[in-house]
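Each structure below is given as structure tokens.
Below are two complexes that have chain A in common, paired first with chain B and then with chain C.
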Partner chain A sequence: MTVSVERGIQTLKEHIDAPVASFFTTCVHCGMCADACLFYTETKDPKYTPIYKLKPMRRLWHQEYTFWGKLAAKLGLSKPVTAAELKEWEELVYDSCTMCGRCSMTCPVGNDIVYMIRKMREGMVAAGFAPEGLKAATKRAITIGSPMGVKLPALKNQIKHIETDTGLTIPVDVNGAEYMALLSSMEIMNFPEYIGAIAKIFHSAGISWTLASDAFEATNSGIQIGSSDLAAELVARVVAAAERLKVAYVISPECGHAYMALRWEGPNLIGRPFSFKVIHILELLDQLRAQNRLPVTGKIKEKLTLHDPCQIVRRGGVVDEPRRLLDMVAADFEEMEDHGVMNWCCGGGGGVSANERASKLKLTAFNRKRHQLEALGVNTLITACANCRITLEEGLEFNNMDVVVLGLAETLAEHLEQQTSSSATTATQ
Partner chain B sequence: MVKPASLAEHLECHQVSRRGFLKFCALTTSMMALSPSMMPAVARALEKARRPSVIWLSFQECTGCTESLTRSHSPTIENLILNYLSLDYHHTLQAASGDAAERAREAAMSENYGQYILAVDGSIPVKDGGVYSTIAGVSNLEMLQHTVAGAAAVVAIGSCAAFGGLPHAHPNPTGAVPVQELVHDKPVVNVSGCPPIPVVISGVLAHYLTFGRIPDLDSYGRPLSFFGASIHDRCYRRPYYNKGLFAETFDDEGAKNGWCLFKLGCKGPTTYNACATAKWNQGTSFPIQSGHGCIGCSEPHFWDAGGFYQPLSAGIGSVGTLAGMAVVAGAAAGTAAGRLHQAKRKQAQRQHEKVTVADLEETDS
Partner chain C sequence: MTSVELLIWVRGPGLQLSLAAFILGMTYRILQTYFLGRAKNLAEPRGSEWVHGIKTIWWRSFFHPGMTVRGYFTIISGYMFHLGFIVTLLFFDQHIELFKSWTGLSWPALPPIVITVTAVLGIAALVAVLVDRFADPVRYLLSDYQDYLCWTLTVLPLVTGLLLAYKIWLPYTSLLTVHIISFELLLVAIPFTKLSHVFTIFIARWYNGAIAGYRGVQS
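Now for the complex of A and B:
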């Protein structure tokens, strides 16, 4: 079994479903999606118009599933999709799309363009046209368990440091805990503060939680590269661990697509409902806030703004939670012009940050965020996605901008009221 | 009286709330078919917009277009936008008459030369040197040519100005022609309709105020955002047409049930306008909703396009049966094709080869 154009086309045929057919039929060629895409707005290159990125798939739909298309193909008036064409489109489908979904929001006839990009990637993987960087990351995710190759000893090492720093125990493999937390490799390696932050907050709120030694990784490279088969395998690992530990909730970390992969795509990928609920860390923190279980003191005085991670906000619906949480610790919070569900992507989502070939384009696309930040004149930027954070830091450094990027959970943990009574401590036991 | 400095202040003077203003901006943005994210930009531009000078010339017309604009039940924002324009010359609305009126036009022209918007309603007679319609002893043709020279853009309001209208209908005794046949060196926007919808006029003016240029036009020079879809395509009775349910007379069961008026001569399928969406009398209704077919008043030469009650397809047999048969045949073909496609997709799914890590090996040659 090897990848081939035929296999790719066969895969596309199986993924062209009723929504895709209706989207292609109703597209009015208005081009409004171009202005919604940061790869177009920052380059003004019309090939980055979102709907154009689907051209081979559109032609295939036309040839296979429409009367006139079939006729034209028979008469030789419309040429078949070729390897060269898919190769050419690889850059459009992977390098210049972060699957941020902003195009789907502006389409006047309601076509979900990003839904189709996701499907187009299925065909690209089967045809063998996925970026090397993303292939390697996915391979590591499947064989090692983490796209960055992080193994359990590395996590244990970080846990040891955090336990020393915080004086708290980081629970691992606790049977019957209420919440099972997931982490992204990026957090383990680059932002371990996150683990300490949730440990502190959960301890203070008296939440019983655990990590799973065999499924601590939240990121799902299968989703990014666009293979349901591989994505399902990664989801199944989390499901197995959650069911083994009999937890009621699985917490998606400050990572955008991990949330989307587990919460929205997850049950469909494994073909059955979960026995637990998936909750984003921001949703949980907001619940704690509402129950007065998240006491904070002091406010950040300098002006700051919030970068909305696309998959959490636009594709995930967690819009008000981060704002309510931020309100507790920020004295001078100002929104960017386009924010919430119409935010602009950092430029590194959807597998772009794992794809070295795309790094130059990614930095060009970052100009959108740069302009947004410059317009506000802030020096502090809060976000809730480790991948956004690393992309933002890279872009800021490249542009010599003096802006600090912080995770929302760790910002809250820093302002957490110090424990005075022992009531919370006993509750964790 | 001190003239208000900007539109926002002007609206405030007339006790139009900020909310009302933003609603108008949102409506205008959507009517102009702009991206929703443009709404704040439209609001900002309109807020800051300065009073543009408008000279309104009325030629061979019935004043219906002016009536359409001014006869609203309550002061609408469209209306205020119109008031807000510095309407420096308008036969029907101005207080001045005689020489004073003509002097006002001359003054407005010289003060705003090259800047003002020229609005025209009515067609222009050109036969016999244009003697069939004169104002203050000047023929319409001469007045148009004189006034258009200093205009930034021309808005032809109503079907007479846009396409010739009633004066142009056979046998056209005065040799009436529309504005676009006489003006070639200035942008001309045709806002057709007999009369045109007020919000279309205000929409065109709002577009000009916002972007400083005229909107995109269709092949008849009409703003695409308002004239892009046919009445038929946007008609709420369209489902009856699709099902082959037609009113045969104005008092039969079909008419009472609100079925399609196609057989009673409705020109909706060949007429492009925003009536079915923008509606009339502040969104109350439009002709088809009150039981009468569209007469196609925003299309060129509609007076000469046959009887108002003659079906578009007159002479090709029984529409009901034919349409019914076509619908059945179409549905059958569609279902068959759908089944076929579903089978093809299912087959592709059966042949699915699971993607494994091995498939991620380097393949690029």
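Now for the complex of A and C:
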């Protein structure tokens, strides 16, 4: 056994806590989690059953924490977890799991399977088994500051364009601002309209905000690959900037894993509570709505639906906010059959979209969303995660589907009351 | 040792030993799990762990939206064999007599024909889940020796009890001995196999609900 595999197994052991032990003890191998996983439902391959993806970790738990398992291991009667097995499981743990957590909602005995996948990834990456695409993204995040390699000059360039388009100033490094906004690289490069949207809304609402030149990136590849050390390093950069600028809030952008990384894992990763609050952009927009600081005009008349980003909704708890916000600007908003905390993932979360090897499987998994959209017969899909958005657009294009994907913040900005631009008119037609 | 002497040992010291193994083993299993602990969550909570933990213990007992045929089969067959087993165990007059001799407590028994029905339903559901375990590629892939061992240990007391009630197969004394031993094996196995889910299911569901509830999600 190599040193790295030993390290991986040791890491896995260290991650077996009371919840994990209770989950493995209680699993009755009923297989109901299979029906909750889009990688199983769209392929019918039993190996994609969520709990099966944890088989090496389960055996390790059995050998370390059960009477018969310990006895059998001492007598040499049980098979140790090997490098070959971990290598084989790499595809199951990374390519065929977006960490969407739908399986955790359906297990009859209550197993939080994605809680364990997150831990399994810690062991996998410590043992050296992770997809090359995700390794490269993580390396770029650590060395450059962005998983897509986006540097400050690129952001500044986008800011210049947005300032020209909107006539507003995008504040950078403003000491004492109330809010510090974060962005995902995907937003900077693919959907810069998000930056313009929040600038317009914040200007309209009179919000004091800023970007940080040394910590504008919100996505956290460390969480996706499963390395707490690297994830902590990325969170620490945001914390340092927020504390330097003395902001009261840090705004997580329209990105699912960014919210998970900062809001729910962040303080645990750096080992102390934050001195500021983390708020998702949808939570903030909903607060503005409640305070009548988000005046909108006109409604989109055509039927549309909402794609729930898993990490924001099911794993993050921001469930009703996007619905209340969408109701402000949509005349015919219809939910998909499975929505909210029971939504189906886009297929690209959890690092899958950064893993080129998984692209074919990701497109197969997209069929679940395709069926949902076809059942509704909509041509407009709203979401609140840049990674979901790019995955959805890719899937729609692959399937030649005529559906437009829009970000929720940008849709709201287009309907801001004081705005008289032609874009709002176009959207309401 | 004669067959009568064996029966006396089995229903006396044998039963006491298996009960002790069950209680001590299960206590050890639960404490061992508890003391593994979990890291304190430093993120600011949005909801209550306890409230959502308790709710999840309750709500996971029922069907959930979007359930497939596999799900309905699992829940229905699961209820059938669990209820069949428990009703047969607790409401058969001779079992109640045994409980009364230990504890002094007793309660009304169900008529023998009803007990026959509950036992048969329990066995039928267990046979169905076993057949399905081989027929369903997902369950077949997941299954290991414990699934088959636990199935055998669960069905044996029901089958031997039914044979005993209708005086089929072995002489009464021998069959009663086999029946009691089958129950004792089940008792001893519970803490050391996945049968311990009869208790840990509440812990697992609580953790699931608590993890989600902390973030303000009802799981």
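Here is the rule we use: the second predicted complex is superposed on the first by the 415 of 429 C-alpha atoms of A that agree within 3 Å, B and C clash if a C-alpha of one lies under 4 Å from a C-alpha of the other, contacts with A are read in each partner's own complex, and residues count from 1 in each chain.
Methods note: a residue touches a chain if its C-beta (ideal position, glycine included) is under 8 Å from a C-beta of that chain, and two chains touch if they have at least 3 such contacts.
Source: prediction; values computed, not measured.
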**Message:** For the combined arrangement obtained by superposing on chain A, do chain B and chain C clash, or do they fit?
**Reply:** clash
**Request:** Using the superposition described at the top, determine whether chain B or chain C touches more residues of chain A.
**Result:** C
**Prompt:** If you stack the two complexes on chain A, which partner ends up touching A:285: first (chain B), second (chain C), both, or neither?
**Reply:** neither
**Request:** Please work out whether A:110 is in contact with chain B alone, chain C alone, both, or neither, and reply first, second, both or neither.
**Result:** second
**Message:** After the superposition on A, what does A:338 contact: first (chain B), second (chain C), both or neither?
**Reply:** both
**Touched partner set for A:316, first chain B, second chain C, both or neither** = second
**Request:** Figure out whether A:35 sits in contact with chain B (first) or chain C (second), or with both, or with neither.
**Result:** both
**Prompt:** What is the contact status of A:135 with respect to chain B (first) and chain C (second): first, second, both, or neither?
**Reply:** first
**Prompt:** So, does A:100 touch the first partner chain B, the second partner chain C, both, or neither?
**Reply:** neither
**Asked** Is A:215 touching the first partner chain B, the second partner chain C, both, or neither of them?
**Response** neither
**Message:** Taking the superposition on A as described, I'd like to know which of chain B and chain C A:162 touches: first, second, both or neither.
**Reply:** neither
**Superposed model, chain C segment overlapping chain B, candidates 39-47, 57-65 or 129-137** = 57-65
**Item:** Touching both chain B and chain C, residues of chain A
**Value:** 16-17, 21, 32, 35-36, 65, 67, 106, 108, 338, 342
**Request:** Please give the residue numbers of chain B that touch chain A in the complex, ascending.
**Result:** 33, 35-37, 337, 341, 344-345, 348-349, 351-360, 362-364
**Residue numbers on chain C that touch chain A, as the complex places them** = 25, 29, 32-39, 41-44, 46-47, 56-57, 60, 64-68, 70-71, 74-75, 78, 136-144, 147, 192-194, 196-197, 200-201, 203-209, 211-212, 215-219
**Footprint of chain C on chain A - complex, ascending** = 16-23, 25-32, 34-36, 40, 46-47, 49, 51-52, 65-68, 104-112, 115, 263-268, 271-274, 277, 314-317, 319, 337-338, 341-342
**Complete:** As the complex stands, chain A meets chain B at residues 1-3, 7, 10-11, 13-14, 16-17, 21, 32, 35-36, 64-65, 67, 106, 108, 125-126, 128-130, 132, 135-136, 138-139, 142-143, 225, 227-230, 338, 342
